[in-house]
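In order of appearance the chains are A, B, C, D, E and F, and numbering begins at 1 in each one.
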């Protein structure tokens, strides 16, 4: 199987970190091909940067889908997920959605942890749009700027994650935890051991779910609201995208 | 007051129809300045076309906000509404949201009517994202292709709207009706008379709510998740947008 | 336009404060005519006092609606709102509902602040009845008895409002704040500046929404559950009310 | 035990029908004392008539509560229920609420049947206010004017109830049925036999639940939002009510 | 009336405590016949022990239903409630459900208190399954191992219950409290007096609701999803159960 | 990987059909080991039969979990799913839950189709317990007794499934369909082609999700409500189960 991974941020090293993480999850069952945005925000940190990044996500997906069995969105907040499901011929998996769905199979309440309080409402809205709000005990954020340095595991970050995860379990009644954010890759095992519940890594969950959908080979909608309309008129847009609507 | 209206479709005549409709609603209390997308879909008819149209909506909004008191989105499905509320300094109003909120003040259950069944799920998701699903009795669609000819009122369209509206009132228990779709402007009064409940025109509701927010002069968020982040890095994007994040 | 304002409490000075506040919001676009209850509770502070006050609200509305374009209820908890929408010929706006709907257009989550914890559950039930619970981050109350002295702005009240508003933004993730309670008029601007999010004044929101509905001139329901029934028998009730049901 | 029953309509014969029905349910375990409104609507058929009837309900309850162990509201839409729970010293039971709660113990989904479609939205709002919407499969209404003649069982009414109940079971998946409306008393047994699910009579459910609360002797709230406030000022209201707030 | 009480735990002294408590509630109106599990967990303290205990609950119910007017489940988490409603000919009442429904008639928000935090999520799921989550302000737990000694009232337990109940009222806005857990019987009156809101004892609520249903004599479903299927094949199961499906 | 499949019905041929179906989905990535109940209902067709079957499910799971990487429940209504997640050391996957979660990644609204209307409410309650009700457009049932003959594909069944699926897409707005019921295996491809949306087979979805969880190797909870309690007392139960709680 061949899985396409697209990072709508322009940060190449983040792409590589997600790719390696995803590849490890699927092992020899699939190959992950990763592409990075050539324009847009360096890192998405708000609703409007997510909106700005969408154009490049659509362009890269339309350009690279051929020859792949599934697309995994390489971004924590699932930029353009439902639009891409309508636009493309291959299955599309988001990291946040895949993590939430996978965690749903490991317990009752899901505790979610990210980096930076400003993104918590955005994640909550995303969770609500999937109809999964009732499964989430709480979204919490750690505030550790050093986490954004994408290097080896940082003991300060690890301690902050463990402390917040203990609150998710003991105060909020979480049965399973998700660590949201590409730079939080690599801490799941230690956090899980420290707090005594399973911890889901979104890139690994998304890669495994992309593999699941690739194996199922679901038909692309030609009826209903996810069918891609035909014979549409566009002007001045990317030709790979326009070609899909002829 | 000066209200900015942006149509993210490239259809100039639709822009003009919405502008005239909005201007009539606010009368002399405000002037509506309308702009039309220069690239993108001719008419948005699906999730993915809405995603494609977003880039031009962001560009036009960033380019033209100066000198206006509020922005009214000239499109039935509120393209980029929450992202623009974060990005811009002026209040932003969507036609679907404004119609739903205004209709909420006229009764209990809101019946919603649009053109073409394929968009009903998209409107339902939009309604859910505003937390207003419980206020809507049902979304129904008429299938009358001649409605897209943007000319004078069409008796075939009028009959279809009245028939569907009667179902919204008698079968679905609607106390008020919304006619969603720029080309449905001009039928509200006849439908209202025929079915015996008030009928809300989204362009008129949006113009009046834009006027309301313009009069209130609410402060722009500098805290919380709707504050526009500062000092962000972008590459290759529209300079009017990039300038907002310096 | 002429907007009718009815205070179902017997406190004349509270009526005057709301009237002045509402008049300022609409400026020269409308004239606010205010009436005060002649019997009932001095100040509504509980469910049962609200129920007791309802009779006088119905009487004054039936007596004074003629010659007005809309009715604004001059009370924080929207006494009799849906019943009046059925009973009267003109649009009816409640302060709590108008504030919640208007705040919905300024961000994601709405933080609500009132005076006295005992009323918080009553406001929460009211919010739920409008289907808007998911939009509210939290209802909080300050406990500052001096706020009830309806005089100039009080620095103790201002400090309490700012402190509670900071909790609404920083702990509860509110993007916009509502100050509920007639005696909290006049603090919105300072609180907004101090906490960095917009703050909505319910009397101003209600006056502007009453103006919006007056401009729209929606038809009165003659079908459905908000149509006023005809040919009904009553005994011993106010003749202005009875006359409406003949 | 002594149970107080108050009918806020002025129709004495409806009061008597409910009293007899309630008395039959509790047998010798309690005596039902019934009172009828002396002013207000002859029959409540809308939101506004319910609002008009409230004043007399409050007056009769305050006047007659002494010497009774519980109050049962003799009206299908629970006029003033939560306000009376705050105002009075004895437990208060509504017919709609009691029927819904009792039916909850007999199956999964509750099908509700009343007389006249115009009241269905009002009942749906009432159900939502109790947090019980998810338990109700559907509210349906029969349209049989002869049902309002309060005489012996009418075969036309019985056939209409059975037909609508079959739809509630077969189309809507109801496991138990409620017949809402004082004039529908006396049909429960036949409908139940015809459709094969239990049928709850609201007056009987309310009488039995009033007996349950009377036996439990729950303390009256002196804390929280259902505590009756003290030291309140009123003018021009019924002295029995005013006395409660001293 | 004869009410059957079945404890699916093997602890005889807990059965006796519940029986006495239930008998006191119904007085001379009914006789409570109690049976204790002969195999299974000594005390249910988790989801899986509840699942293990189910087999014995089903066996005892099928064996003993004859000659009784209703079944009251003698266990805090309503083991097998909906399955038994389908399986048996007599009405079935659960302690948790009966307490929640009865408390619903005493105020707005219900505060729930149990012993041991591990069971809180299980109770929350049970509450959600009844559609009653929106009525519950919060589930809280005390951690007082001495409470499990089923002897006379313990002042340490009483103090812990009062302190937690004050939080339920003052912080969580509860209008009524439920004490969940057979070993918390006997504290309701003192807690109620201390915190100023009514307190519901689940065994008493269940006994009174069993009496209510026994008096109503609802028909057993022969249609819909609660009808017991006929002509089913089983192998190796309890003959009293198998006999019901012939 | 080794995946354990347990059928709590006593029908060996149904087990074999599910095993073959599951094995086909995972291919060489895992081996499915299947076991069939030795006592209980031949086929579960109601809530109470599901409850009766639970004991054997628990026994077989406790007896066979060693040496397996995940457990897949071989039954359409996920008998004992959450209890087994607490009881066992390996991940547990239910067919209904896995199908719903997998279908969530293929569109917006999920249409669900089963055999026999009596099970629809049971599936709806199951869906609600997963917090996924808002994702399901509708549960529909076909009534084709010949489907229960577990042989080759039956053209009558196929036509009924296609017709009901068209209603799910065209009337109910479904974007993806689930065929629930072991005997509906083998129709997914034809239904998908006929109606133009993807169709999910629960056994295949469950097998692939069991493989996903087996690859992730999530830690077993030792904290929170899904931790298996220790030092518990049992009497008269299966020794393999009892051993887990020592």
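What we mean here is this: a residue touches a chain if its C-beta (ideal position, glycine included) is under 8 Å from a C-beta of that chain, and two chains touch if they have at least 3 such contacts.
In this text, all values refer to a predicted model and were calculated from it rather than measured experimentally.
Chemist: With a step meaning a move to a chain it touches, how many steps does the shortest path from chain B to chain E take?
Modeler: Each step joins two touching chains, and the minimum needed here is 2.
Chemist: Farthest from chain C by Cα centre, which chain is it? Let me know.
Modeler: Taking each chain's C-alpha mean as its centre, the farthest from chain C is F.
Chemist: Measuring centre to centre with CA averages, how many angstrom lie between chain C and chain F?
Modeler: 52
Chemist: Using CA atom averages as chain centres, what separation in Å is found between chain D and chain E?
Modeler: 27
Chemist: Please tell me the distance, in whole Å, between the geometric centres of chain D and chain F computed from their C-alpha atoms.
Modeler: Distance between chain centres, rounded to whole Å: 43 Å.
Chemist: Of all the residues in chain A, which ones touch at least 2 other chains?
Modeler: 82, 108, 120-121, 125, 128, 134, 173, 175, 224-227
Chemist: Would you mind giving me the full set of chain pairs in touch?
Modeler: Pairwise, the chains that meet the contact rule are A-B, A-C, A-E, A-F, B-C, B-D, B-F, C-D, C-E, D-E, D-F, E-F.
Chemist: Per the contact definition, I'd like the list of chain C residues that touch chain D in the complex.
Modeler: It comes out as residues 10, 38-43, 45-52, 54-55, 58, 80, 82-84, 86-87, 118-122, 125, 128-129, 224-229, 232-237, 241, 245.
Chemist: Give the list of chain E residues in touch with chain D in this complex.
Modeler: 25-27, 29, 82, 85, 91, 93, 97-98, 101-102, 104-108, 130-135, 169-170, 173-176, 192-193, 195-200, 204-205, 208-209, 211-213, 215-216, 218-227
Chemist: Quick check on the complex: what are the chain F residues that touch chain B?
Modeler: Residues 108-109, 134, 173, 175.
Chemist: Per the contact definition, I'd like the list of chain F residues that touch chain D in the complex.
Modeler: Chain F residues touching chain D: 120-121, 124-125, 128.
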